[in-house]
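Once you've had a glance at the structure underneath, I'll fire off some questions.
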């Protein structure tokens, strides 16, 4: 079940911006703490399969997750832990999927970032990049058929994923159907090891928007304030009937592609540039500077995040692992049509 | 073998524009006559499979074919008969493929518009729309590896084909590799029965160019003069190292999607608009008006086209049809690896 | 009289009328009624529920999956089965895995106008049922009769899994029935289309009619072939096949698709492993040749099995 | 000692050095050396001939086809076999049909890092050889040894047809050989990897090693299994399989891919139809389970055949 971790109100949009900002920071912090934890478990050999972090993209992701509300749809991608939490994913869904717990949402059948709860609005990504865009479109088409108004569907992509045919077909479909799709493209300068000049030739990915006939927005992904405003604004425009919105956020991936990768190829110049700023630190300083939180509060939030994560890890560790003998090994829902049953 | 039909010089680019225009007109006329003929053979039950005409798009197509020269690559699409002829396809290649002759370039294995001579620079389209773009890219990459400079690769697409993932991946790939690709997109207002508002949402398809970082050009596809200048210019820019060029030509399909379709859904308003002009008639009048040809000359060209086509039809009719007993029924080139031979 | 194609149209009309969750999506299917007219007049009769799509097979199927998650029952049309290769990833990796991964079913129907017709060539003639059957998570149905085209499409709408509905273009206009059925065998059950004692011919889709014609031919020679119409190729009703082989002792599997790993390979593998002791002679299979489907009718007619080549294979089988 | 992965890298290095027509293209294969390091240092050693591509599988393969037409010998890497579903249309409809349609060959190699490893899950574990084998026009090779990984990749470059090179990720780092071979069996020939008299186990790729381990296990019980490594699954060396079955009278086909229409179905169909009289017992097959490949090692280890389950199947076969 999707839920809200402790410390959050039921409504995400607070009356004043400082409160929104504080909440956003807490999700970002929780995501960072959770991902740091899974990383160390991975390094300690406690996690099989890949580990992929959203480090440096928490501001973009949280702004997406927070702009959504009940009845909206979110199809997060690999660097969306902050947005997942903000949208309502529990920390145990995160830990249980990485660990592969039988009682987790993916029951050990799928792992790490490939999780979701489709019935609760969070679509489980498949690996094939770009493939979720049209699936979100379909949910939004269903809402239209069902007369469910004012819902929004958001999904994320990287710079690399804009080279896929699926991205293109999906965004064009949304444009033709005038769907309330918000596509948040994060240009984090690399697709795995591939720099952007081997990926696209336009000056800025936001220039793609006009060719689809959709609104385009640019945002500095290291700055939480801008992310909340621009992505939040895009979601509102989609909700208000202005059709698909494409947001291009810029940032730098502050981790390897996955934790098996040291990212040695990331150019030092980029790390030293404004793109290389850590959005979590930037927002941390901003909170202090604006007086929206004092150091003590920030420390307590951190402790709180750590204890939530530790608890969720402990919980996942106690959960049973999948048991092949108890698996039904049946891929289909219509059991009477399973081979052997006919 | 690709060749030049009678009445043409070996070099396509004449010193003066009137000569170029005259030549272009003759290819257009030949294409129209040839397609009218295949249409009547089809209606008379003499052609199996589909018949797809370029009626109304001859100016666009011929400008593409004529801008190319020896060593260039052309991957024509379904409405490219004029360009094929200008590029060097013989009329008998056309008739023999429609008839299915064993001695035609496709030997009865494939038919109608699915023909080509890849070794001579004309790629044989597969049906799947968009799929030829990256194949042209590959030829151009090969030329680069081989040190063959200043070649250009051109291919055509319709408005509908811009919705395919293959178009997107292909154009982006060309842009990243800065290949001399000329992509001529003809917006003829329909993809089969589907009008453009169900196909894309941008105001004009040429707006897509900027998002790929490629040059975009617009041209009135009913006007041969503009087509020769704009498409010719795009080919020259590609040849001179300015990377991929996207030309968007506007026109109206003046036939059904194929000759099995009466195109009843084409809106009368469109037919009556400037888009609905027949480029062949427009250029016919232009020749007379400019005094570049008199009525007698035009009549003789027509007679000449008719006799070329009649001869090619007669030739194809005399050719043997494919014989299943003589087929080797082997899909692969490495015969020693055919199943049964190992 | 109602044709195979009309039966498909009627099933969709019925589904639209009966179930508000149903909608249709595909290229040229709305006002135009589809390349083959399988949705003729449906957009007019059910406004807003029959939608033209862009030429984006990947997105067509992707969106159907999303809509299915949200409670709809989309029926999507590929203009030709051959173009489903562009939607391949969404079908095999998104639709086929969703229920197994999440427990949430994915009830979509992908209609594939399949199979060869003279003059259609390599890209408008393919039979891709084996490709989809290899992946876990899909139901593959292959109706051979007007009645099955109707009833199996209606039943498909009730199935919680993605259904690949392989309808045969060769049957569209030529195959006719008196009326639509009111009762039907369920999907998953094969049908003995002709009884016989001497050998079992296992087939499906358009090849059923070639096999029945071959059986007629052999009847004139005194041989009685039993012809089993699989109806769905995933699941395969192995029991009905084995029961027939138990009676006849001989089996010939016939398919229009390519040989390597096709339905006929799967049938032979099952009969040989599960019904070895029932066999009085080596099992045989007959498929199209292992090349693309040729354009010219001269070649096309030889590329696929026909009543004549099936009869010849059956004679060989009977004399073993 | 040289690993299976290094052998693949060495073959590519050799090809780049020996043949100016060869170039490599794929995601992250240049400076980074590829997700699995199969092209490590090659971009540095052969500047301009090892190119990073955008994330565009369709265009990657499409461009390789164009380059092959123009005389190059492209080797393209899919980051995982699973992502080749996005390039599916170019592979099966463009590459596989070109020679048959036009007489102009299409010598491309598509490298598919295939098969399961623990923790990789449904989208990084697939074995798609049967999918490609079903289509006419492709050569499908499935090396099981370090030596074959090397020599078959080198030989693939000489083949005029599109080659789907299914290299197994599970073997990448673990499988080692003393040195690279100077001689090799040609593609198209199967190899008897272990001789035995009691039953034939037909397999390929990583399953070879599970089968050999099973054979060891059974040897301790006094049974001698003959293990045939197919090496390529299109073409299949049916003669070698039948010759072995002629000696043993029994056959078990083992594959890591899904059961429906897989290599094992094709093997059983061939043995049953062409070698029926050689069989003393029903032929058997063993495959992965018919679900997506599970993420968690507990499930993964049960999803695919292992030495234990193969040994168990062989015991059943031997007691029939």
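In this document, chain identifiers A, B, C and D correspond to the written order of the chains, with residue numbering beginning at 1 in each.
Keep in mind that, in the parts below, contacts are C-beta pairs under 8 Å (C-beta built on N, C-alpha and C of every residue); 3 or more make two chains touch, one makes a residue touch a chain.
Treat the numbers as computed from the prediction; the structure is a model and nothing was measured.
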Min route length, chain touch network, chain B to chain D, equals 1
Under the touch definition above, the chains in contact with both chain A and chain C are B, D
Top of the farthest list for chain B, CA-centroid basis, is A
Between chain B and chain C, the Cα-mean centres are separated in Å by 36
Separation of the C-alpha centres, chain A versus chain B, in whole Å, is 45
Cα centroid separation, chain C vs chain D, in Å, comes to 30
Multi-chain contacts in chain D, i.e. residues touching at least two other chains, fall at 53-54, 56, 58, 82, 85-86, 89, 93, 96-97, 100-101, 122-123, 136-137, 234, 260, 289-292
Residues of chain B that touch two or more other chains sit at 106, 109-110, 114, 126, 128, 163-166, 169, 172, 176, 198-200, 330-331, 339
Contact graph of the chains (line, ring, star, complete, other): complete
Touching chain C in the complex, chain A uses residues 105-106, 109-110, 114, 116-119, 123-124, 126-128, 131-143, 145-146, 165-166, 169-170, 172-173, 176, 330-334, 336-339, 341-342
In the complex, chain C touches chain A at residues 23, 48-49, 53-54, 56-72, 74, 89-90, 93-94, 96-102, 104-106, 136-139, 159-161, 187-189, 234-239
Within the complex, chain A is touched by chain B residues 163-169, 172, 175-176, 178, 197-203, 207-214, 243
Listed in rising order, chain C residues that touch chain D in their complex are 82, 85-86, 88-89, 92-93, 96-97, 100-101, 122-123, 130-131, 133-137, 234, 257-258, 260-266, 268-269, 271-274, 276-277, 279, 281-285, 290-292
Counting only contacts in the complex, chain A reaches chain D at residues 48-50, 100, 106, 108-112, 114, 126-129, 160-161, 163-166, 191-194, 198-200, 265, 321-324, 327, 329-331, 339
